[in-house]
Amino acid sequence: MVSSALNDGVSVAKGEIVSQRELKEILYDIIFGTESRAGKLFDLVLICSILLSVLAVMLDSIGWFSRTFRLELTLVEWAFTILFTLEYLVRIYSSPNPRAYIFSFYGLVDLLSIVPTYLTVIFPGANFLLVVRLLRVLRIFRVLKLSRYVGESNVLLRSLMVSRRKVFVFFYSVLVMATIIGSLMFIVEGEDNGFTSIPTSIYWTIVTITTVGYGDITPHTVLGKLLAATTMLIGYSIIAVPTGIITAELAHEIQRDRQTRTCPNCNHAGHERDAKYCRICGAHFPGAD
Amino acid sequence: MVSSALNDGVSVAKGEIVSQRELKEILYDIIFGTESRAGKLFDLVLICSILLSVLAVMLDSIGWFSRTFRLELTLVEWAFTILFTLEYLVRIYSSPNPRAYIFSFYGLVDLLSIVPTYLTVIFPGANFLLVVRLLRVLRIFRVLKLSRYVGESNVLLRSLMVSRRKVFVFFYSVLVMATIIGSLMFIVEGEDNGFTSIPTSIYWTIVTITTVGYGDITPHTVLGKLLAATTMLIGYSIIAVPTGIITAELAHEIQRDRQTRTCPNCNHAGHERDAKYCRICGAHFPGAD
Amino acid sequence: MVSSALNDGVSVAKGEIVSQRELKEILYDIIFGTESRAGKLFDLVLICSILLSVLAVMLDSIGWFSRTFRLELTLVEWAFTILFTLEYLVRIYSSPNPRAYIFSFYGLVDLLSIVPTYLTVIFPGANFLLVVRLLRVLRIFRVLKLSRYVGESNVLLRSLMVSRRKVFVFFYSVLVMATIIGSLMFIVEGEDNGFTSIPTSIYWTIVTITTVGYGDITPHTVLGKLLAATTMLIGYSIIAVPTGIITAELAHEIQRDRQTRTCPNCNHAGHERDAKYCRICGAHFPGAD
Amino acid sequence: MVSSALNDGVSVAKGEIVSQRELKEILYDIIFGTESRAGKLFDLVLICSILLSVLAVMLDSIGWFSRTFRLELTLVEWAFTILFTLEYLVRIYSSPNPRAYIFSFYGLVDLLSIVPTYLTVIFPGANFLLVVRLLRVLRIFRVLKLSRYVGESNVLLRSLMVSRRKVFVFFYSVLVMATIIGSLMFIVEGEDNGFTSIPTSIYWTIVTITTVGYGDITPHTVLGKLLAATTMLIGYSIIAVPTGIITAELAHEIQRDRQTRTCPNCNHAGHERDAKYCRICGAHFPGAD
């Protein structure tokens, strides 16, 4: 795109400044594209910024660090927020289909990355409230933007989407099983052995079925141990199911991914390898002639 | 069904009240069917009732909640029991083959959902506290009533049924291994390190093989730790087997499920897609012409 | 076999008592066979005897039970030992190839099931020694005899034997990884945090890689937690390997098992479906014409 | 190689001592080769030396053992170091392409096996205790020298290398999920329940997602338990992915390994079965005519 625009000597000769349309195209190539040199540099800078801003949030959560470097952390916080706000506005400006970008998954993530910091200004007194802390953590969603640069993550995401019905059935089955086994354990073990209520017993059952096994609640009676051992063995068979489902769908998606491409603007997958424009939002594919 | 009955103006014109046979068909369509508008509404109400009644049982198990809202919980309990009793009776009345319904899986679940509450009347004195507590918790089996609405759960259930021989062999192998390793650990570690008896050691072995690992019993001697590490590695290879078995059967069942349908009356699966009547209990398939 | 011997009126008419050769064949059919009525009854009695004798060993390991019922347990112990000794002798007598039976896997298990009890007579003073307790537990190997009646366990065993080279490589890789990661954790965490020596750290690494996670040893330093998290993720990928190996071999073996049969005398597998005699030890297949 | 050199009577007759070129070939055959008798003997001695030296490092890490046998351990240590140094020098001398050997994986491992001991001489004072301790433990990397003898371990390594892109995406996805869930748990549970900072919460999330579940940090609030249970179920579906990826790649690599061979000098894989020389470093394949 960039090179074709620069090589096109006639159009540049006619106007002394680059026309707005061409500016948009250049910006689009830099920001959304991943194949030109400027696009690659922009991506690299963005990845570093995101990682650093996430690191700042994490350090902020460590008590003594937060108290010692309060000022530095606030400065860093506002620097990244302004940077990401600019990036967000340029993305909207340069997108060939702004509406599609804004309401795409990554568009919403981009917005969520900058909103929490501004909200701390509107609610200054509420600085230490739980709600604001929750919003602050949303900035970590910025990390999700990284996955845009790893095309293969789409395979993982899509294979989970395709098999969502089967995974739902699996979750439902596990919950029903956890409810029944949890209730039985509540009767068998009782409140004295840590199984204080049915919800707690269900929590224990899920910890056991998924083979996590914290050990904060364990059976103490003989019957309880017998039931627990049975739960582990049955649960292990049940839990084998998602492995099978995901594996089958993943194999299918990997094969399909080799034959199609994904739109960088609206993230819609399954375009033909020789496609030049997204058939959903009309964006031009960078690198395509 | 409903619409064909209503459209059939001649038969309605002849008798002023809907004949008993037509009433049965309408009820059957509402209660067992899932495609007419009335049937969908009935299903929605029933699902909400089931979830609320299960929630009530769970809240009842939390000590302080049960003591504070004793009256409210009892009222809610009886309301749901009467509702489910009515539903059970109407199901028997409207079923084209009541015997097949009563002895089907869901027929038994429907019965189990209402019996415990009535039994609490028969055992009014709190002297048999365990029985009352057991009956109170058994009501949680109502959650199984939901399975009727998760069509694909049949796939999971059937794939477990088909591979039950192989899964049994697997369970048996694990138990033999657990017995031998458990005995060795009992000798190596002894009573002082928590391995108080062979049954307890077997419980520890199952907790370890299934990778749950509570940590309530752990090896303390060098030889015990060596044996435990070996158990984990060997056990991990053995436990990989059900994953393979279930995956293979599941893939087969998913494919088969696309080509067949399941009877809503007796829950028998594997009917042809163009079948209109269950070949086992003779019930008419709702939605079929 | 039995029926053909009985039907063969001429030979029976000639001698009034059943010849020794015929007796052997009848016994062979009852003890090794699983298809005649007498054979099925014998198997059922044997399974119950084995389970009861295993139960006796388990109960014997529970301190208070052993002290209360010392006499009863000794009587039960000797009753089962004499029963299994008789069974062992009859098996040798009736086997068409006694040497093949004695040195087969199940022949050795049968011998190991009865030897420990006799050894307690030879070493009477050593009754409470650890070694004798170890031998006593060997009786639990009797349970292994059960698997003779579950033909499908051969599939599991053979698929493990076929992939033993690959599983060995896997075990070796895990041990090398555990050694390296264990040493690093020993340096990072040190003796104060429970990682008292490299062998202990290797034990911790295996507990972590296999996702058992007892929690008796856990990292306390930041670097240790980072290394532990990395170990879990890498380990999880490594540990996925046996699942793949076993699954592939299992699928192959299941298919192969449908086309072949296994010798009941020497347990050699892979005979053609129409085979009448074992091509290794020459035993006649029960049920074959 | 050896026999062809010895049989070649003419060349031996010409010079009374074996020429340097022939010496190199004989040494190459003994040290790098695995098929001649001398080569097998050398390998056996080397494997035993490696295992013993690794055992010495492990024993050295056990406090009381190290203090009691300080002198013996130092002597054993230097004996093995000199032995491995000689082996390393002879390998460089006899290799047809020393540079390729030195910078190959096993060349670096061989160097790493001897360097730490010499460095302990350079840092003689115990004032840098950690450095000495680190160097002492680093010797454990000698265990990697064993890998040379486990031909099939290349399959495992290569299948991990081939699928490194997909495994990276998986690791990245798990880290993003761990970051988000960890932050939520930090807000929900807070510092009082052990979730002292976001990094600690992320550590907890990885421990939970990989189903290790130490139990050193566990949720205490109702909301935290609900979130933890959800994490386990979602995490279990995500974690099923590497199993699928590794399995598919492993199956491919096993098939490929049957058709190719690996260079013993530079460890480059994928040579044709009938190849006589490595197409990367030019080394002659032992055993090839």
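Per-chain residue numbering starts at 1, and chain names A, B, C and D are given in the order in which the chains are listed.
One rule holds for everything that comes next: contacts are C-beta pairs under 8 Å (C-beta built on N, C-alpha and C of every residue); 3 or more make two chains touch, one makes a residue touch a chain.
It should be emphasised that the depicted structure is a prediction, and the values quoted were computed from it without experimental measurement.
Trainee: Would you mind checking which chain's C-alpha centre is most distant from the centre of subunit D?
Mentor: Chain B.
Trainee: Could you please state the distance in Å, as a whole number, between where the Cα atoms of subunit B are centred and where those of subunit D are centred?
Mentor: Centre-to-centre distance between subunit B and subunit D: 49 Å.
Trainee: Roughly how many whole angstrom separate the Cα centroids of subunit C and subunit D?
Mentor: Taking the mean C-alpha position of each chain, the two centres sit 35 Å apart.
Trainee: Check each residue of subunit B and list the ones that touch at least two other chains.
Mentor: In subunit B, the residues touching two or more other chains are 170, 199, 211-215, 243, 245, 247.
Trainee: Connecting every touching chain pair, does the picture come out as line, ring, star, complete or other?
Mentor: Complete.
Trainee: Which bits of subunit B are touching subunit A when the two form their complex?
Mentor: Listed in rising order, the residues are 54, 57-58, 61-63, 130, 133-134, 137-138, 140-141, 143-144, 146-147, 150, 152-153, 155-156, 160, 167, 170-171, 174, 199-200, 202-203, 206-207, 210-216, 239, 242-243, 245-247, 250-251, 254.
Trainee: So in the complex, which bits of subunit B are touching subunit C?
Mentor: Within the complex, subunit B contacts subunit C at residues 165-166, 168-170, 172-173, 176, 179-180, 183-184, 186-187, 191, 196-199, 208, 211-215, 218, 222, 225-226, 228-229, 232-233, 235-237, 240-241, 243-245, 247-248.
Trainee: For the complex, which residues does subunit A have touching subunit C?
Mentor: Subunit A residues touching subunit C: 211-215, 243.
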